[in-house]
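In what comes next, subunit A is part of two complexes: it sits with subunit B in the first one and with subunit C in the second one.
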Partner chain A sequence: MNNFIETEHLAFSYEEENDRQQQPALEDVSINVRDGEYVAILGHNGSGKSTFAKLLNMILAPDSGRIHIAGREVTAPDFTEDDMFDLRREVGMVFQNPDNQLVATIVEEDVAFGPENLGVPREELRRRVDEALAMVGMSEYALHAPHRLSGGQKQRIAIAGMIAMMPKCVIFDEATAMLDPLGRREVLKTMDMLNREKHIAILNITHYMDEAAHADRIVVVNDGRVYMDGTPSEVFSRIDELHAIGLEAPQTTELIDILRQKGCSLPAGYAEDEACVDLLVRLYEEA
Partner chain B sequence: MLKDITLGQYFPGNSVIHRMDPRAKLIVAILYIVAIFCAQNIIGFAALLAVSFLLILLSRISIITILRGLKPILFVLVFTALINIFLTGDASEAPLWQAEIPIFSLVWRPTIYRIGVLRAVLTSVRVVVLIMVTSIFLTYTTSPITLTDAIEELLAPLKLLHVPVHDFAMMMTIALRFIPTLIEETDKIMNAQKARGADFANGSLVKRAKALIPVLVPLFVSAFKRAEDLAIAMECRCYRGGKGRTKLHKLQYHARDFVALVLMCLFLASIFYINYLNPLGISL
Partner chain C sequence: MENILEIKDVSYVYGGGTPFEMVALNHVSVGFEKGKITGVIGHTGSGKSTLVQLLNGLLRPQSGEILLNGESIWAKPKEIQKIRYRVGLVMQYPEYQLFDETVRADIGYAPRNMGLSPEEVEARVKEAAAFVRLDEELLDQSPFALSGGQKRRAAIAGIIAMRPEVLVLDEPAAGLDPLGRSDILGGLREYQRSCNATVILVSHSMEDMAQYCDRIVALNHAEVFLTGTVDEVFSRSKELAEVGLDIPHIARFALALQKRGVPLEGSLYTVSGVAEAYMRALQRKKAASTAPQSAGEGDHA
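This part shows the complex of A and B:
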């Protein structure tokens, strides 16, 4: 499989006013995402994970390092505005604040906004909008006003707006951070569906462990560098290293870890809720 | 409290008026506004009112909603009515009522003439009908995006003069989109300031205006933040101005639009005719 996104040694620092010392947001980050892969980028606030997302979508330009998307070098000096336009249709982005990314006053018109900009002909527009809304389960809200929807519903509309552009990859920049648990679950389900059924690569930038557990691969970012990179069970089994940078493993893993420290004989590593319950039941029966 | 404002809100529906072409609606509304300002006597105003109520019925929007939309202009209505009652009139006519206030009467005697009252009523009717009809045709039954599309298309000839018509239309759309969001936010900030002991309801006008500063500052800060976020989100969705854009909804005239236009022209003509005839002999 090809790499859809390749980044090499990205570095970036925000310019600060008053000539204060520049704190680099990214020091040296190289992360690759394969076609159709589901990657979670994990890190606490200020780890540089959001900056990474902005670099990928060319909202910011890196100070050094190179970015290849879909086989083209984004950071090349001859990369023009038109190239950027072509690339942005391949990489969608869903942001944190559900209110600040919906443009239109009617749901279906908002979903149509992206493909309209691409110049998609009308019949196909209609089809894409209907399909995208059906996919996120919001068809019945097609004619509603976005401000009357819940946060989770607004995010699903934003996702539908991306789907309608038919991207190869969607980046979720802390898209669930402002949602209630119900809304988070809705959005996560939609992400999983996009990846499994539409084979769209997903890059979920988050600080929620249980969300990261959905991904095929987790990249932990800390202080502008890649701290860990592996499957969820690999990453979560290195619980001490996570604690060292102020992150916590999912609750089940934490629980198993505590029980192991107390001398219970349990296998180390990540377990999903069900598996964890099974382990505990077995432990109880043995006792 | 701020959530009650309905002016500028779209109510989705499927009435005849909803289905009309927004360009036709815009032209019809303009014709109606002309009629409102041309009507000069009671018969004409009765016709204006009758047509307005007919339009409300056709739009299938509840009359309560429409009346609620008038609330924000209540002050203007009362104010103009009072001005008309006390400050206009035909001095050659016998006054209906005259104030007798010692000393003060030397400076000014509030006097009410029949024509002043009539004018107050008719001006109020004018304003009410104006707001009702424009909101029925434009804001209530037309989604703001189609409305902006209509304005964009009607103004399209100006593009030849390098007027950025599309950009203006986009700005309008976004403004309309964010009105409810910002209202909600204002509410939130006001509550937050109230929780810190701010008092918006009491005190002199100056004091109350000053109390609003701690509301406006955070509101502006957040509005700018929103604007930046939205600009980035729009860029990520490949927005680059009107160039090469297609539209989900293509505007198309139907028979009903021509019927509406013709009817409105006839109505305007009959207003002129009524003005000319002036059957009851009362005019402004």
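This part shows the complex of A and C:
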């Protein structure tokens, strides 16, 4: 499979304020994302993960290093603004606050906003909007006012607006942080569906370890560098290293870790809930 | 237990009499126990944010009463500002409200307005910064030079510096990493203990609620749906799921273990609670399986 996103040795610092030397947000980051891959990015506040997302969406440009998206080098000197607009439709972004990303007064107009600006013809536009709303399960709200929807519904409208532009990759920048449990589940289900059924690459930047466990691969960023990169079970089995940088593993993994410390003979590492239940039931039955 | 704050039959409607009328709270009555941390949960639009804004008089109920230590907070409407010093409110994303030149000046803003002496203001600023685990070195910096997590701490410290009897926070840990969450929420626990304060906390994270709260109030569609201790509320997982809420992940896991025949007992809503319950279950089983054997050995002797 091809790499949809390739980054090499990215570095980025925000402008200095009050002559204060700023710690670089990114020191040296190289992360690749294959076509249709599902990647979660973890890291504490200030680790550089949101900066990385903004570089991919070309909201920011790196101080040094190279970025390739869909085979185009966006950091090349001959990469023009027009090229950027062309490429940006391939990488969608969903942000934390749903209220900051809705623009129209009717749901379907909001979803149509992106593709309409791309000059998509009317009939095609109609088709894309209907499809996108159906995909996120919001068809019946097509003519509703977005501001009267719940947080999870608003995020799904924002996602539909992305899908209507037919991106190859969608970046979620803590898109569930403000949602209630039901809203989180809805958005997470939508992410899974986009990846598994539509083969859209997903980059989910999150503080929720349970969400990260849905991904094929987890990249942990710390102090502007890649700290870990592996499958959920590889990453979550290094629980001491996660704790060392202020992160956690999912609650079940934390539980097994505590039980091991109390002397239970259990294998270290991450497993899905059902497998953990099996482990603990067996240990109990054999006691 | 004594309730420090009491909401009595309060209703609040946005856009009343217009086609956009929306009932945010519908005849709500609920009490908040003195010296406890109470969590408020509810789906988006259930009325949580309206409730917290009523508690310190930012909104005035259209019917019903809000009692602080038995007295209506609206008894003297012109003195509502005094109520706001006693019931401190930290709104969502409070870091957007930082404004002063230094972190020290920003945290000290409310205590200065309360007319405290400069020495007392300085003491309060240091104390509040310590509660939210904000490094003292940062006090002389511009609040805008801080990281997101530090800004949040500074903003919360600005309210704690008033030493409110009741501290109300709307999603204080949203968007923070696990360490930031535990620092801030753990800091609230310390504030509550050392000042015997009452804390009211709105959050969507059931895991945080289980870990940091004593009691929980669950709202659903503008009404109080459940209220009780953490154990009482989270033991009703089916009803919570029906209204779009949830129990902590680890609690669902504990239910699955129980269903498979592991007799877990006690408070099963935090990782440490489940770990202890599991160890107790193991020990009981080991004791039970060795007991008949030792009785048997006794017979031989």
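The rule we apply is simple: the second predicted complex is superposed on the first by the 287 of 287 C-alpha atoms of A that agree within 3 Å, B and C clash if a C-alpha of one lies under 4 Å from a C-alpha of the other, contacts with A are read in each partner's own complex, and residues count from 1 in each chain.
What we mean here is this: a residue touches a chain if its C-beta (ideal position, glycine included) is under 8 Å from a C-beta of that chain, and two chains touch if they have at least 3 such contacts.
Fair warning: this is a prediction, and the values are worked out from it, not measured in the lab.
In the superposition on chain A, contact of A:Lys198 is made with neither subunit B nor subunit C.
In the superposed model, A:Lys189 makes contact with neither subunit B nor subunit C. Touch criterion met: A:Thr252 reaches subunit C, while subunit B stays clear of it.
Once the two complexes are laid over each other on the shared chain, residue contacts for A:His68 go to neither subunit B nor subunit C. In the superposed model, A:Arg260 lies in contact with neither subunit B nor subunit C.
When the two structures are aligned on the shared chain, A:Arg34 is found in touch with neither subunit B nor subunit C. When both complexes are overlaid on chain A, the residue A:Arg238 reaches neither subunit B nor subunit C. Annotation: subunit A has no residue touching subunit B in one complex and subunit C in the other. Put simply, subunit B touches subunit A in their complex at residues 10, 12, 143-145, 173-174, 176-177, 180-181, 184, 225-226, 229-230, 232-240, 244-250. Here subunit A touches subunit C in the complex through residues 17-18, 20, 43-47, 96, 150-152, 174, 177-184, 207, 210, 246-248, 250-252, 254-255, 258-259, 262, 264, 273-274, 276-277, 280-281, 283-285, 287, going by the rule given at the top. Residues of subunit C touching subunit A in their complex: 42-45, 141-142, 144-145, 147-149, 171, 174-180, 204, 206-207, 244-246, 248-250, 252-253, 256-257, 260-262, 271-272, 274-275, 278-279, 281-282, 285-286, 289.
Of all the residues in subunit A, the ones that touch subunit B in their complex are 57, 59, 81, 85, 88-89, 92-93, 95, 97, 99-106, 108-109, 112-122, 125-126, 129, 143-147, 161-162, 165.
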